[in-house]
Amino acid sequence: MNRHEKAGPKKSSGDAVALDLAAAPLDADSQAYFAKCEEKLGFVPNVLKAYAFDLAKLKTFIAMADDLMLAPSGLSKLERELIAVAVSSANHCHYCLVAHSAAVRKYSKDPKLADTIVANYRAADLDERTRAMLDFAWKMTVEPWGIEEADRARLRTAGFTDRDIWDIAAVAGFFNMSNRVANATDMRPNDEYYSMGR
Amino acid sequence: MNRHEKAGPKKSSGDAVALDLAAAPLDADSQAYFAKCEEKLGFVPNVLKAYAFDLAKLKTFIAMADDLMLAPSGLSKLERELIAVAVSSANHCHYCLVAHSAAVRKYSKDPKLADTIVANYRAADLDERTRAMLDFAWKMTVEPWGIEEADRARLRTAGFTDRDIWDIAAVAGFFNMSNRVANATDMRPNDEYYSMGR
Amino acid sequence: MNRHEKAGPKKSSGDAVALDLAAAPLDADSQAYFAKCEEKLGFVPNVLKAYAFDLAKLKTFIAMADDLMLAPSGLSKLERELIAVAVSSANHCHYCLVAHSAAVRKYSKDPKLADTIVANYRAADLDERTRAMLDFAWKMTVEPWGIEEADRARLRTAGFTDRDIWDIAAVAGFFNMSNRVANATDMRPNDEYYSMGR
Amino acid sequence: MNRHEKAGPKKSSGDAVALDLAAAPLDADSQAYFAKCEEKLGFVPNVLKAYAFDLAKLKTFIAMADDLMLAPSGLSKLERELIAVAVSSANHCHYCLVAHSAAVRKYSKDPKLADTIVANYRAADLDERTRAMLDFAWKMTVEPWGIEEADRARLRTAGFTDRDIWDIAAVAGFFNMSNRVANATDMRPNDEYYSMGR
Amino acid sequence: MNRHEKAGPKKSSGDAVALDLAAAPLDADSQAYFAKCEEKLGFVPNVLKAYAFDLAKLKTFIAMADDLMLAPSGLSKLERELIAVAVSSANHCHYCLVAHSAAVRKYSKDPKLADTIVANYRAADLDERTRAMLDFAWKMTVEPWGIEEADRARLRTAGFTDRDIWDIAAVAGFFNMSNRVANATDMRPNDEYYSMGR
Amino acid sequence: MNRHEKAGPKKSSGDAVALDLAAAPLDADSQAYFAKCEEKLGFVPNVLKAYAFDLAKLKTFIAMADDLMLAPSGLSKLERELIAVAVSSANHCHYCLVAHSAAVRKYSKDPKLADTIVANYRAADLDERTRAMLDFAWKMTVEPWGIEEADRARLRTAGFTDRDIWDIAAVAGFFNMSNRVANATDMRPNDEYYSMGR
């Protein structure tokens, strides 16, 4: 007997999560967004299908995720995805590790880097800037109460501006949220993610 | 010598965070939102001032926070604030404990309840529904990788629908994000919060 | 259904703890001590009512607590209460956080300081001496096996004498005891504590 | 170079702790107590020498320790010493493990039992009552915020009265204090303890 | 600057570990073993190159690893590799996650299963037998002192014999060793492992 | 009721472990090895009896253990036993603490040193070399993912060669394995170990 058998009849939220939430009818904006996903990725990420039971929730999630991961920043898109994967490794989040290691492969063209960050970012050949960034994100994740001025100072020494520090904090914070939403709802990555960019 | 003295000349981000981020000019929507805060609360929460260096970030934060905490849900506003405080207690988040225990006081008219949840929700006189909800939020916070079907099943037994479970997960997830952004940036609660509702 | 309903008929140990312990008749000394509490505080702290089932235990507890918190020391009474609250925050002790944050308010006249230490002492504007003291108390609490000469050396550098170090250790140790007795017996703070000094 | 060499000239507090605290002149009561130790044990325990820089502290410590460990109780003296050792094992307290495993040997005449509890009480051949008692003491030690009515209920099922539960909590609490005072001051067991009762 | 640049001139132990250990001349048996690796895998695993500075150590490692992972057992080879990956996930061991997830792909022909176990075995669609086996291996890894008769009883209920339980314990124990040797020496997986079986 | 009573009829694996595994007939080599144990120690260690259900497993275990603990190394035999005991203290392994503290007594002729390492190696009077070695072994045990070049560098500064570092890692790794096999199978030390060398 496996999880899917236990889950009974196919849920309206399909393979996305272990909750039975009826999908809301998409409005034009959401349809366009999903169509763009199909076009660019070949599929709609399950995290979006999971949020699609409520368009307001879907849209606030997309707005925040896209701002954090795609808007102009002193952090490259790859750096932001590295934070996503390192945080998700600390939290053992299946959905985010699979989906965002695919993004690391896409931006870095380096599948070995992606698998290394999934396992333990300390084992990767990182420059000091990237290492300092991931040390900060890891500490935020496992001991958030202990972050202090000295931790921010180390980031400044590694060349990050205060705005960059905000962005590191915001991205690391965001994945501490979505890791937990994913774990709490048993969110399942789309099959396509596993082999993307390999 | 204290933190403020160490921080040097007054920052553009004022008393809100330990990062030097120049506030962006507010657009009409943001001005209106801040004006409504002044009217309702008597002040603009520092978390919003902190995000105000970038209007896109400010707006996505407001949209998500307001949807989670104020939109219709099977969870009452008080229940959502109880989750906020229990999660923030696990993460020892100064900003969120001060701001959201004020919200618990506002909705519950019970300052003792608020202080108890700040300390240890297990010590509060809670009905089984609320207790199950906070146990789930606590486990999501401290051991997110361990959440399983049995944890969701306990919520269903306590009377929560699958949609309610989503909302518990989403609120608990959100404060695991904002706790960490606050801790990472040394976010400071407005003075007014400490005594609101006492 | 709440805890008090579950507890059945009112216990002899009243609202103090979740154990049914018949109060012993107070002797003259104990009566005088309780009377002084009523006079000074307006009530007898529940921790004393909890111990009152056995006069020998009540007296040894009072003797040790009063010596540690009130006798002459290189640590001010406020400093000792700050240790009490920081340790109780690490241990999530409801009784001690409520009772001793009231004491911090009393000695400091600063309710915001008290609420900050309850949440996370690292977020407070502390001078280096106080910060070193609370770092030592926190480490004693969460990783007592790891305390070493280097930790004591840091206290000496911050201006503490060896006698002061003893007092820090003794106060932090004491609240690691009373936090656990309180948590183990579900000790409940007197209602009056919540608003004292606000 | 070892710790003693680092410590410089012999301290007034002798071999007892890594703090330089001048011993206070003993009064008649304290002299009598120390004499009784010499008579019964053959030496004065270093914990008492450590406290002897201040007679008030020495006496409150002795009063509490003797009440908890020697006064009438539903717990046998051996049971109280088993709690002492199990708590000290969780906290890796050198002083208390050495001194109180000697006490377990004395009361049980079973050196193997003592060494087993030092290592891991779960490996000992314990009846259900003792096992429930030590499970409670261990949880109080490592996760005090999580103790609940269900934990107390298990003790009642194992045959403990509410008064017994108090005593378990008080003894386990006490060693969480003295373990930390010992670790924080580098308290060193008297040489005699190591071989007593073997 | 990256790790390899920091490491200076190419080490005799090559890309295998961050220690400078001169390879010993292989004897006939070892040459044959390495030749068989080349034939079957296309390369000699770096863990073997790491041990090759000392033939006795190399041979005892190979003997134990091959007995545990390849000899007849009530556990299938895939089950043993699942234990290897789950334990390595708890320990965040880069070398073992990369090498043994390749083995899971080889035996299961299911790359998604492998990536799921790397992330969090609780998210995989496992039957009860496999789930019980991995729960036991995880607990052995993160809380070995807490394993008890009840844990072994759950394995027996899931259909495992006492001999199977030994094998689960031995394999989980072995990877708790090799994870740590790999982390302690910065052992690096052969490039070939990353894409094997995808 | 105790563990032995629960275990039912005497098992073929005797007092060694809580698993029912029929001993295999020993071959000449194994008989000779056991005879040597009887001669040197006066008994066959239970860990060997536990492995004796399968001669291949018995021999690979003996080969690895003897190579690590007895073969030429830059680490003395005492140093290797100190690592064994410190690791076993972190893991609360009853079997290994009892058996290897006996070995520390044998090599050091210092029972107090042995008991101190069992409790907390930080409390022992160690030179800097030994302390650095045990700090590395402890970190490998409790936070293996965090070991880095800086940790190896500290060992080199303390005088260890890269080969010595391998040996520290290998011995600490080995006891992280055997601690877990012992805990998982409830392995029981031979009675003789408790008093050997006292």
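As written, the chains take the letters A, B, C, D, E and F, and residue 1 is the first residue of each chain.
FYI, a contact is a pair of C-beta atoms (placed from the backbone, for glycine too) under 8 Å apart; a residue touches a chain by one contact, two chains touch by 3 or more.
For clarity, every value in this text was computed on a predicted model and none was experimentally measured.
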| item | value |
| --- | --- |
| Any chain that touches chain E and chain A | B, F |
| Centroid comparison with chain D (C-alpha atoms), farthest chain | A |
| Furthest chain, CA centroid comparison against chain F | B |
| Selected pair, out of B-C, A-E or C-D, that shares over half of its residue contact pairs with A-B | C-D |
| For chain B paired with chain D, centre-to-centre distance based on mean C-alpha positions, whole Å | 43 |
| Centre-to-centre distance between chain D and chain A (centres being mean Cα positions), rounded to whole Å | 49 |
| Whole-Å gap between the CA centroids of chain D and chain F | 28 |
| Multi-chain contact residues (two or more partners), chain C | 3, 92-93, 120, 145, 148, 183, 186 |
| Chain-chain contacts as defined at top | A-B, A-C, A-E, A-F, B-C, B-D, B-E, C-D, C-F, D-E, D-F, E-F |
| Footprint of chain A on chain C - complex, ascending | 120, 122 |
| Complex interface listing, chain F residues touching chain E | 3, 6, 18-21, 53, 56-57, 59-61, 63-64, 67, 71, 91-93, 136, 140-141, 144-145, 147-149, 151-152, 162-163, 165-166, 168-170, 172-174, 176-181, 183-186 |
| Sites on chain B touched by chain E in the complex | 145-146, 148 |
| Complex interface listing, chain B residues touching chain C | 1-4, 88-89, 92-95, 97-98, 111-112, 115-116, 118-120, 123, 125-128, 183, 186, 188, 191, 194-195, 198 |
